[in-house]
Amino acid sequence: MMQELLQYLFGGITNGAIYAVIALGFSTLYSATDLINFAQGEFVMLGALLLVTLWLNLGLPLPLAFVLVVLAVGLAGIIFERLAIRTVSKPDPIVLVIITVGASIFLRGLGMVGWGRDPLAIPSFFKLDSIEIAGAYLLPQSLFIVITVTILVAALTFFYKKTLTGKAMSACAINKKAASLLGIGTERMTLMAFALATGLGAVAGVMIAPITMATYDMGSMLGLKGFCAAMLGGLGSLWGALIGGLLLGIAEALGVGFVSSGLKDAIAFLLLLLILYIRPTGILGAKSSHRF
Amino acid sequence: MNENWFDAMKQSWKKGLAFFVFAGVIFFAGLFLDNYFYQQQLTFIGIFTLLAVGLNMLMGYAGQISLGHAAFYGIGAYTTGALTVHLGWSPWASLPCALAASGIIAYIVGKPTLKLSGYYLGMGTLGFGMIMHVLFREWGSITGGPNGLVGIPSLSLWGIDLSTGRNYLWVVWGCVLITFFICDRLVNSRVGRALRAIHFSEQAASAVGVDTAKAKLQVFVFSAIIAALAGFLYAHLVMFISPGSFNFLVSVKLVAMVVIGGMASIWGALLGSTLLTMLPEWLHAFSDYEMVIYGGILMGVMIFLPQGLTRGVLDIYEKFRIERKQPAKD
Amino acid sequence: MKAGKMKTLATLAVCIVLAGLVFAPGAFAKDTYKIGGIFSVTGGASFLGAPEKMSMQMVVDQINAAGGIDGHMLEAVIYDTKGDPTEAVNFANKLINKDRVLAIVGPSTTPTTMAVIPLCVRARLPLISCAAGNGIVNPIQPYVFKTAQSDIQAVATIYAYMKEQGMKKIAILCVDNGFGASGAVQLREQAAKFGLEVVSDESYGGKDTDMTAQLTKARKAAPDALVCWGTNPGPAVVAKNAQQLKLDFPLFMSHGVASPKFIDIAGDACEGIMLPTGAVLIADTLAADYHQKAALDKYISDYKNAYNAGVSGFGGYAYDAMKILEIALKGTNGDKAKIRDNIEAIQGYIGVTGTFNFSPTEHNGLGADSFLMVEIADGTWKVMK
Amino acid sequence: MKNSGSNENSLLRIENASISFGGVKAVRDVSFEVQKGAIQALIGPNGAGKTTLFNLITGVFPLDSGHIYFQGQDAAKRKNFQRVSMGIARTFQNVELFTGMTVLENVMVGQHVRTKTGFLGAIARLPKSRREEAEIREKAMHWLKFVGLDHAADSRAGDLAFGWQRSVEIARALASEPQLLLLDEPAAGLNANETGQLGDLMRQIRDLGVTLLLVEHDMSLTMEISDRIVVLDQGAKLSEGAPREVQADEKVIAAYLGT
């Protein structure tokens, strides 16, 4: 029994870490711009597919490929913001939702044209066997993801709290008008937030690719689950993204283990609805009134 | 005051004429279209128009987004499917059940969900749609599971077989016409004005005494019932249903129909559903680039014509007219 | 008043545009046999639809190059359903009533096939589906055929092997789409016949990234073997997870992963996995006197010449369907009822998927030779026993 | 519970109203009365809690503690839209019109609580609802005429000049046939000429028997038009009385100069 429970937990952590790293992208963008990008999952997909090209097809060393992928996807995010978000003449939530949904279809199409329809395998970064703890097994790659996400969260927290640019970005989120009066270029900040969020998406894509494999349509479900995780932890909260992701992953694994595997996908969305109804600010989110 | 009354009369007369012409076009289209393909194509457009008009009441008029509307479409289809296949009911007996099931579920779900706004409402409705989709797939004993439900009977009434291309076209478009008529009356009434008021400022609407929660819930239930009607018509047309017809992508397609055609415009919903139902056929030539183009169109319309095609084109026309008039005035 | 005028104008404009859209002209040529194809070329089942489309096109080109059938050139009209039943219905309808095809090959998946069956039955138009679901030809519909092996045979092949090995308890893990669902039904129904007991019955989502929870649950039931029923990439994840968990019972998969792609993405995790497959996968290892050898070699080399790509069993479904149509079209002069009768009369046709013997009571026509058990060893397929 | 009023003439009575947001007390123990038929003003420096008090009276926020009585009834128990039917109407500091609807439609929505046609009634459009619809239109035109905007009835509300938008908002509020009209900085953004017209309009409204409570920064207008003034500072009541008394109150002067 213990062994099973532990194995469910480990499975949950693997998925949860994936959700967490995607949730991080959502939260970063939201905390700076109050915007939700429904195409976030597709940037994850771009990251994974670009890694295939750079690392496996062109044979670049992994760290270099990693950096190039993140830069390239960040650039794609900047282009996306410039062409599709800033040009919007009527920035209603409805309009922005549809634009980002449109972008997700667009990017999925590009992914299919560019990389084909078949899933592409990516070898694990570590040639290590799975780690055994009390009869349960954990993949080194999952551990790697959890650690990386934690470091990312810490680094981003530092960035927002301690650096001038970071502070300016969070100021923008709180009050655009006031920020621009203080001489903070809100447009530049939005652009940066997009680059950061999509770059984080790419990081997610690169790290999870060995576990999930890379396909053009991998992003949509991952994006939605990542969003559920972000909501669960508190949209806009960085540590919340981590906790929400792990929680969601573990809840799904336990659901499969003890209830029914067929209802697994419903778990994430049931949790999403519950959190929206009961505590829309999430577990770690600040109690704020203006957003509702 | 008198003049106003006169204007109102004139306008309603014009509207009546528009409906009349529209009904005539459909009648003759059914009469002269001999090819079953065109008939069924038109029928599909009609079904999607129903869905778009219903969703438009919610999105275009009341300003509440729903990214899970395919769920209600599915509830309508699966209710009538299950009742006719498993229990052997007549479709006409299952129709009220399908509409009621969708309305009741919309009421239960809408009550907490419609308290949300903006992205959160979008996500809440999306979550609901996902959960329903899982249910359609997993509740195999009722829904037939992932492989779908076979053996749904076709429609007939008083011995007339309604399943011929022409008859079904008339049935579906008759429903569309009635729905148009109802929606038009709603929009131009005390209730409709309150809904539009919520769209522009929920705060001000409640400050003039509109029970915004109730109004939103009412229109949500209303659009869910129309979606269920569309689902009913779909199920008895295709005589087979499976979860794939009611998933997230379909919800997105419905939203796209509303916004591309034009929000807050009944005729816009017609245009949007026609365009998007025909789109796969035109994009067929682009094969692999279809998705890219589809996504691009969605983004482009929203960026440049956030009011949709009908409104957007009208606005441009109006601007052009005003600009032309301006110098003459000076 | 102004608003009213605008509205009338808008209405008029909308009507004109709509009329234009609906009545867009369609061209048709005389004296060619048009054959329709409906495949899931994009979307979740594109691994089926894409090779099917290419295989069908290839056969049509070959027939035309050889002068057509009875002097009639063939024309393939192929549409992409994206796996959506509504679009499948739309396109089937278009093929029947606008393109006026003589027969339809496809669709690729069971739900899309089920959706178009009523249309073809009504139009009395032969449909040769490439989907696996047994419900397509059971009950028999006069105009509906299929070339893909059915789950019944696939499951029976696996179970026969298991019985031979003396296995008693099995765990099943199926993907939650049409393919998995009909597989699951067969796995449950046939178990008793082979003296097997299903001790764990789980499912997974097509895009799931970690199946350790399901596998852990299965392990708890201590089965003699696990059968996973799905199509890429899910089974590859299952294989990887099984390796990670160091499961001590053998893994069986369905013919849904019978393509080199599976070995490609599952890597060394797929060593030792056993599955039923059509002979196409192991054509190069077959003896020269194997009855399918010639047909297989021709398909593989033709495909390589045409597309410079390897074949999968899935493309073979459309290849066989087209070849069967080629036989059935002869001497019919485009009479659909005759085509249908001709298909029912086909006996002993050796195709890529297996040997087809059609009859009025058998519309799949495949015999036991359509499946062989193979094991993956050293990154390639090995025929068992 | 206290009796409905020490004074027969009291329309609105606020007792010890308090609310805080995130630990900050925005309104502290404020009590005052508004007499029927009066024009009363609520003044105070920025952040004094005037708009918050408006939001409490109209039910945008629930009270943390205290009571609000309107015509002797406990208003605090009602939801915001229900208070409109009790007879409380308001305008907003930043003008909240239904921008995409016509001016006439805006005012028509104003009559929401005084009309009945429901969902089914609107669809059936029986003679009763037809009659009601005609009445709504007629009354809306009447109120537009009252504020002098009948000529703009068919324009889109969002296209109007700011001063006119304010008038539309007042007409919309009047259309709900209120006993008490709350005006939140009605003169903000208006020029001297328009401010003068606004003063006249307010007197006309009072003459219709509608009681007015306004928040206003334009002191000359406030002093000229108000019968009584309540001064708030940092969420608490500082002073209350006739304009002259308030002007002479040293606490008030200190509060204004101090900030």
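A, B, C and D label the chains in the order they appear, each numbered from 1.
The rule we apply is simple: a contact is a pair of C-beta atoms (placed from the backbone, for glycine too) under 8 Å apart; a residue touches a chain by one contact, two chains touch by 3 or more.
Which chain is which protein? Per UniProt: A = Amino acid/amide ABC transporter membrane protein 1, HAAT family; B = Amino acid/amide ABC transporter membrane protein 2, HAAT family; D = Amino acid/amide ABC transporter ATP-binding protein 1, HAAT family.
None of these values were measured; they are calculated from a predicted model.
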The larger set of C-beta contacts, choosing between B-C and B-D, lies at B-C
Reference chain D; chain at largest CA-centroid distance = C
Chain at the geometric heart of the assembly (C-alpha centres) | B
Length of the line joining the C-alpha centres of chain B and chain D, rounded to whole Å = 40
Hey, how far is the Cα centre of chain A from the one of chain C, in Å?
-> 35
Here the gap between chain A and chain D, centre to centre from mean Cα coordinates and rounded to Å, is 47
For chain C, residue numbers touching 2 or more other chains are 3, 42, 176
Going by the touch rule set out above, which residues of chain B reach two or more other chains?
-> 137-138, 288, 290-291
Enumerate the contact residues on chain B facing chain A in the complex.
-> 59, 63, 65, 67, 112-113, 115-120, 122-124, 126-128, 130-131, 134-135, 137-138, 248, 252, 255-256, 259, 288-299, 302-304, 306-307
Contacts from chain B onto chain D in the complex sit at residues 1, 4-5, 8, 182, 185-186, 189-194, 196-197, 199-201, 203-212, 218, 222, 264
Contact residues on chain A for chain B in the complex?
-> 36, 84, 87-90, 92-95, 97-99, 101-110, 112-113, 220, 224, 227-228, 231, 260, 262-263, 265-266, 269-270, 272-273, 276-277, 280, 292
Can you list the residues on chain D that touch chain B in the complex?
-> 58, 60, 79-82, 84-85, 89-90, 92, 96-101, 105, 108-110, 112-113, 115, 117-119, 121-123, 125, 129, 132-134, 136-138, 141, 153, 172-173, 175-176
Show which residues of chain A lie in contact with chain C when the two form their complex.
-> 4, 7-8, 10-12, 14-15, 18, 112, 117-121, 123, 130, 137, 139, 208, 211-213, 215, 217-218, 221-222, 252-254, 256-257, 261-262, 264-265
